[in-house]
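Two complexes, one shared chain (chain A), two partners (chain B, chain C).
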Partner chain A sequence: MLIRILIRNAFRHKLRSILTITGIAIAVLAYGLLHTVIDAWYAGVAASSANRLVTRNSISLVFRLPLSYREKIRVVDGVEIVSYGNWFGGYYRDEKDFFANFAIDPVSYLNLYPEYKISEQEKTSFLKNRKGCLAGKKLTERFGWEVGDSITLTGTIYPGKWEFVLNAVYEGRHKNVDETMFFFHWDYFNETLKKERPFSADTVGFYIIGIDKPENAASIAEAIDATFKNSLAETLTETEKAFQLGFVTMSEAILKAIQLVSFVIIVIILVVVANTMVMSVRERTAEYAVLKTIGFSGVHIAALIIGESMIITLIGGTLGTLATYPAAAVFSNAVGTFFPVFNITIKTIVMDAIVTLIVGLFAGMFPAWRAMSIRISEGLRKIG
Partner chain B sequence: MKLLFFYSFRNLSTRRVTTALTASGMALVVFVFAAIIMLAEGLQKTLIETGSYNNIVVLRKSASTEVQSIIERYQASVIEMQPEVALDENGRRLFAKELVVLITLQKKGSGSSANVVIRGVGSASIDIRSQVKLSAGRLPHMGTSEIMVGNSVAKRFKNAGLGDSIFFAMRSWKVVGVFDAGNTGFSSEIWGDAGQLMQAFRRNAYSSLIFRAQDASSLPGLKCCIESDPRLTLDAMIEVDYYKKQSEMMATFLRILGISLTAIFSIGAVIGAMITMYAAVANRTAEIGTLRALGFGRMNILMAFLLESLILGFLGGCAGLFFASVLQCISVSTTNFQTFSELAFRFSLSPGIIVKAMIFALFMGFSGGILPAVRASRMNIVEALREV
Partner chain C sequence: MNMNNSIVSIRNLTKTYKRGNEVIHVLENISLNIGHGEYLALMGPSGSGKSTLLNLIAGLDQADRGSIEVGGIDITALSESELARWRAGNVGFIFQFYNLIPVLTAYENVELPLILTGLSGRERKEHVYTALKVVNMEDRLRHYPSQLSGGQQQRVAIARAIVTDPTILVADEPTGDLDRASAENVLELMDRLNRDMGKTIIMVTHDPWAGNRAHSMRHLDKGVLSGSNPDFL
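== the complex of A and B ==
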C-alpha cells in the first residue's frame, strides 16, 4: 500500500520526475566514468606481480646501467630470472602515433611475463628473428598491422629509422594486461648502437628480476642495491608494484583533481533532487496538513517524502549505472592512447549504488523536516 | 522591460530555497569548467613564459626535449662561432652550452619521489634568461660542486633548502643559492656548473645550446646553415616555440577532460533549471492568465520567464567564477609526461576564461528556461484564469 502511494506520488508530475531521473542518471554515469578513469590510472599497479622486482639507476630513469650487472644480480640469493630492457621511445609515422616501445631480452622477458598469451608458432618465429617484434593486440588493431608486416619506427632518443617485422601478437591472460605495448630484440638494438653510438652500447635501462618468494622481496632488493653501492652506477631496486605506483604518484595532482570533481558531481545530483523534493513538498503542504489532521504522525509524512526521493534516485541510479557500460566503451575508443586498460570494476558499481542511496536519503531529509515541523493550521491555510 | 525585470527578479527572491539550489547547481558546473580550463591555461602560460622570443635553442634532430638530446662538444663549438649569436657590452658571447638530466628527489611531507630537472649551465646562462633572479644566497662558483635551486624545488623537496646538501652521482652538492624565476619552468629546476655535472654523470656531450640572437628573424638563415653542414645533425628553434610544444599534450588532455566533463555536468544543471522553471510556470498559471488579460502580449510573458532563467544562470555563473578565482592562489605540481619531469604551475584566470564561463552559464540558463517559457506564453487566457 505504502509503496503504491510512493510510486503514485513520485510520478504525479510526470515531466518533472522524468527530468529529475534523467539528471540523476547522467550524474551517476559521469561519476562511474570518472571512477573508471581513476582505475585506469592504476591499471599498471593492478597488473604488477609480487614476484617481480625492478632495478634501475638510482639517479633517475634516464640514466642506464651496465650490462655486466646481469651476472652479478643473478648470483644474489632468491633471484630466479633476470631480464632487462631499454625504453626506446620511438614513434610510428607521426609523433602523435606514439605508444610504449621497449627493447628487451626476449626469452627471459617472456618467461617473466606469463600473462602475455602468444601462440607457440608466433613465439618461436619472434624468438628466431632478430629484427622481429612483438605487439599487443589493441596496438595492432589501432594501426591495422598483421603478422608479417614490416614496421618502421622513428627514434627520439636513439635517432634514425628502425625497421622491424611483426612476428607475434600477444593478448592478455587477464583484463588488466596492457595490450598496447611493443617489444623487440635488445640484441638488434645493441648491435645498431655499437655501430652508431658505441659509448651508449652495452647499457640497459632497467633490469626486471623474478624472485622465488614474494616475502623475500625486501631483503633481495636490499642485497642487490648493496652489491652496487659506491659504484659508478648505483642501483635502486623496488617491487614492480612500487615502481608502477611511482608513475601514478607523479600525476597525483591531476588524480586528486579528478577525485574532487567526482565529489562535485555528487553535490550536483544532490542539489537537483533536493530541488525537486522541495518543490513537491511545497506544493503539497496542504495535503500533508490534511494527513496530519486525520492522525498520521510526522514520522509517517517524513517516510512518505524520503521514500519518494529514494524511488526517484534509485530509478535514475540504475539507469545511469547501466548506461556506464556503453559509455565506457565509447570513451575507451576515444582516448585509447591515454588509457590502454579501461575496465569497469565491481567497486565502481558498488560506489554508484552507495552514492545513489546517500543522495536519495539526503535530498529527502530537508523537505521532510520542513513538512514535519509545519503546523496544521498553517499548512491548511497554504494554497500554492 | 524594466517592469518585466522586476517581476522576474521578485519571483526568484520569493522562492529562495529553490533559487539557491538551482543556481548553486549551475555554479558548481561553471566552477568545474573554469577550474579545469584554468589549469590548462596555467600550464601553458608557465611554459610559454619560460621561453623568450629572442633566444634560440639548438637540439639534436628528432629529439623533442632537452633530456633526449645529445650535442657533441665540436658541434657546440661550431654553433658558438655563428654570426647570429649576440654579444654583451663586454664583448662576450651570450651563448650557453647546457646539460639537462633528470634526478629523482624525495618530496617533503608525502616522501614520494619525483623527477627534477638538473641543468648544467655556463656563465652566460643567467644573462640569457632575464626571468631568473637570485632570491637568497649567492651564485654557485664555476668549477665547484655548488648548485642553486629554483624556489619551487626549495619549497617542495627534502634537503633542497639553502645551506643543505643533495647527494647524487657519488658527490655531495651544496645548495648555495635559491633563485626565483617567477611563473616559469625554471623555478622547478636545479642549476650547477655544466663542466662539473658532466664529469659527475660521466657524460661527454651537452644536451642543448641556448643563445641570444642578434636578430630573431635570422632563424631561417641559421636553420639553413645548420642543415647544409654535414657535421651537424641538429635543429634550431625559437625558445618560446620549444616550450610551447612541451605543454601541448598535457594541455590538450586537460582541455578534453574539462570539456567532456562539463558537457555531461551541464546537462544535469540544465535539467535542474528546467525543473525549477516548469514549476514556476505551473504555479503561476493564474498569474499568467491575469497578466495576459491585462494586456501583456505572449512575447512579454516569454521574455519574463526567459529572463528569470537567465538571471538564474547569471547568478550561478557569478558564484562559480568567484570560487574559481579563489583557486588562483593555489599552486599545483605534477609531472609533465612530455618532459618526464616535475613542473609547478598555478591556476590562471584570464578574461577569455571569464567570458567563456559566463557565456556557458547564460547558455545553461537559456536552454533550461526556453521550453518552460514557451509553454507559459502559449497558455490560453480563459483556461489559465480558471486554474486555482
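== the complex of A and C ==
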C-alpha cells in the first residue's frame, strides 16, 4: 500500500514529474557523456600493457634516436622484443581527415601487440608487401577502404605523396583497443628518406620494448637509459602507461574542468529535484498530518517522501543512462578520430547509478525531515 | 454515570500556546469524564479551545499539565512513537474536510489504518468491506475521492475511522462542510454507530443543530469548561 501511495504521489502532478524526470535524464546523460570523454582521454593509458616499455629521446619526442640503439637495447637483461617506429603525420585527401599513422617494423611490432586481431592471410600479405599498410577497422569504415585499395597519404613532416596498398585490417581483441590507426613498413619509409632526406634516415622516433616481467620494468628502464648516458642522443625509458599518461597530463586542466562541470551538473539537478520535492511535500502537509493522525510514524512519512524522490530520480536516471548510448555514438561520430576509443564503461554506468541514488536520497531528505517534524495539529490547520 | 465507568478521564488539564512573547491560555484546569458508549458534543465559539481539547484527548497534541486517561492508559505519559501506535489502535478520526488521500480509492483509504495492524490481506479485505457496508458505500469502493460528493466522502472517512474498531471516535466539525441533507445523513450514521455499535463519540461542533444530536453536551468558553451533564466535575 505504501508503495502504491508513493508511486501515485510521484505522478500526481504529471507535468511537474515529467519535467523533473526530463531534467534528471538530461543531467545523467551529460554526466555520463562527460565521464566517457574523460575515459576516452585515458583510453591509451587503459590499453597500455605492463609488459611494454617506450624509449624515446630524453630531450623531446621530436628528436629521433639512432636505429643502431636497437641492438644495444636488445642485449639488456629482461628485454625480449625490441620494435621501433616513427610518427609519420600524414593525412588522407584533406588535412581535416586526420588519423594517427606510423611507420613501424611490422614483425616485431605485431608480436608486441597481440591485441590487434588480423587474419593470417591478411597478415602474411602485409608482411610481404613493402608498400603495404595495415589499418584499423574503424578507420577503414570511415573512409570506405577495402583490402586491395590504393591509399595515398600526404606527408606533413615528410613531404610528398606516399602511396600504399591496404593489405590488412585489424580489429581490437578488447573494447579499449584503438581501431583508427594506420601502420606501414618502416623499411619503405626509411628507403624513401635515404633518397630524399638522407639526414633523417636510419633514425627512429621511439622504441617499443617487450620485457619479461612487469615487476622488472623499473630496473630494465634504468639499464637502457644508463646504456646511452652521455651519448649524443640520451634516452628516456618509461612504461607504456607512463608514456601515455604524459600525453594526458598535457590536458590535465581541461580534464579537471570537465570533472568540475560534471559535478556542478549533479549539484544543479539535486537542487531541482529537492525543490520539486519541497513543493510536493508542502502541498501535502495536511495529508501527512492525517497519516500521522491515524498512526503512521515519522519513519513511515519519511519513507513515503524519500521513496517518491527515489522513484522520480530512478526513472530519470535510467532514461538518462539509456540515452547516453545513442548520444555517445553521435558524439563519437561528430568528433571523428579525436577520440579513437569512445566506449561507455561499466564504471560510468555504475557512477550514473550512484549519482542517481545520491540525488534521490538527498533531494528527499530535507522535505522528509520537515514533514516528520511538523506537529499534527499544525498540519491539520492547513486543510480547507 | 460514575468515574469507574469512564472511558476518558481528564484531570486538571492545562494547555497554553506561545505567540511571540505572549502566552495564550487555551485550556484552563479542565477536568472531565466521558463514559463508555457516550455521545458527547463539545461546543463553543471559535477559539474557545474545543478542537485543542479534542486533539489532546485523541493524542494529537501534548498538554502542559494534567492527565488524560483513555481506556485506562495515561496518554500524557506516552512518547511520540507510543502515541502513534496507541492512536492507530484506539482512536478513529472524522475531520471537517474528510481528509481522504486523493490518490487512493475509497477502498484503499479505508484500508489505510489497517496497514499498521498485523492483519492478513484477506482479513483486511473483510474489515474494509464491513466498514464500507456500515456507511452504505460498498458500491463506491473503486471511486476516488474526487469522484464522490462531500457527503459520500465523509461516509468513507467514517468507514476509515471505524475500520480498526477503535475505543473512541473523535469528530471535529464533521458536518461543517456539508449541506443540510448530507449533514443529516452523517449525523444519522454517527447516531447508529453510537446506538447500535456502542461507539463512544466525542464531537466538536459549533452548530447547535448538530450538537443536539449528541446525548450530552459541554460548552467551552475561553478555555473553561461548563455544562449541564451531571457527571461534570
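Rule of thumb we're sticking to: the second predicted complex is superposed on the first by the 372 of 384 C-alpha atoms of A that agree within 3 Å, B and C clash if a C-alpha of one lies under 4 Å from a C-alpha of the other, contacts with A are read in each partner's own complex, and residues count from 1 in each chain.
Following the convention adopted for this analysis, a contact is a pair of C-beta atoms (placed from the backbone, for glycine too) under 8 Å apart; a residue touches a chain by one contact, two chains touch by 3 or more.
All of these numbers come straight from a predicted model, not from anything done at the bench.
Just to be sure I read the superposition right, which of the two partners does A:A286 touch: chain B = first, chain C = second, or both, or neither?
second
So, does A:I5 touch the first partner chain B, the second partner chain C, both, or neither?
Touch partner of A:I5: chain C, not chain B.
More residues of chain A are touched by which chain, chain B or chain C?
Partner touching more chain A residues in the overlay: B.
A:N333 in the overlay: touching chain B, chain C, both, or neither? Say first, second, both or neither.
In the superposition, A:N333 contacts neither chain B nor chain C.
Counting only touches as set out at the top, which of chain B and chain C does A:S373 meet: first, second, both, neither?
neither
Touching A:I265 in the superposition: chain B (first), chain C (second), both, neither?
So A:I265 only meets chain B here.
Please work out whether A:G295 is in contact with chain B alone, chain C alone, both, or neither, and reply first, second, both or neither.
The answer is second: A:G295 touches chain C but not chain B.
Given the touch rule stated above, what does A:L61 touch, chain B (first), chain C (second), both, or neither?
first
Which chain A residues are contacted by chain C in one complex and by chain B in the other?
Looking at chain A, the two contact sets intersect at 383-384.
Give the list of chain C residues in touch with chain A in this complex.
For chain C paired with chain A, touching residues are 52, 55, 58, 60-61, 80-81, 84-85, 87-89, 93, 95-97, 99, 101-104, 108, 111-113, 115-116, 160, 177.
If we count contacts the way the header does, which residues on chain A are in touch with chain B in the complex?
Residue list for chain A touching chain B: 13, 15-16, 19-20, 22-23, 26-27, 29-30, 33-34, 58-63, 89, 95, 154-157, 159, 199, 230, 232, 234, 236, 246, 249-254, 257-258, 261, 264-265, 267-269, 271-272, 274-276, 278-279, 283, 335, 338, 383-384.
What part of chain B is in contact with chain A in the complex they form?
17-18, 21-22, 24-25, 28-29, 31-32, 35-36, 39, 60-64, 67-68, 101-104, 110, 112-115, 168-170, 201-202, 204, 233, 253-254, 256-257, 261, 264-265, 267-269, 271-272, 274-276, 278-279, 282-283, 332-335, 337, 340, 342, 388
Enumerate the contact residues on chain A facing chain C in the complex.
It is residues 1-2, 4-5, 8-9, 12, 286-287, 290-298, 375-377, 380, 383-384 of chain A that touch chain C.
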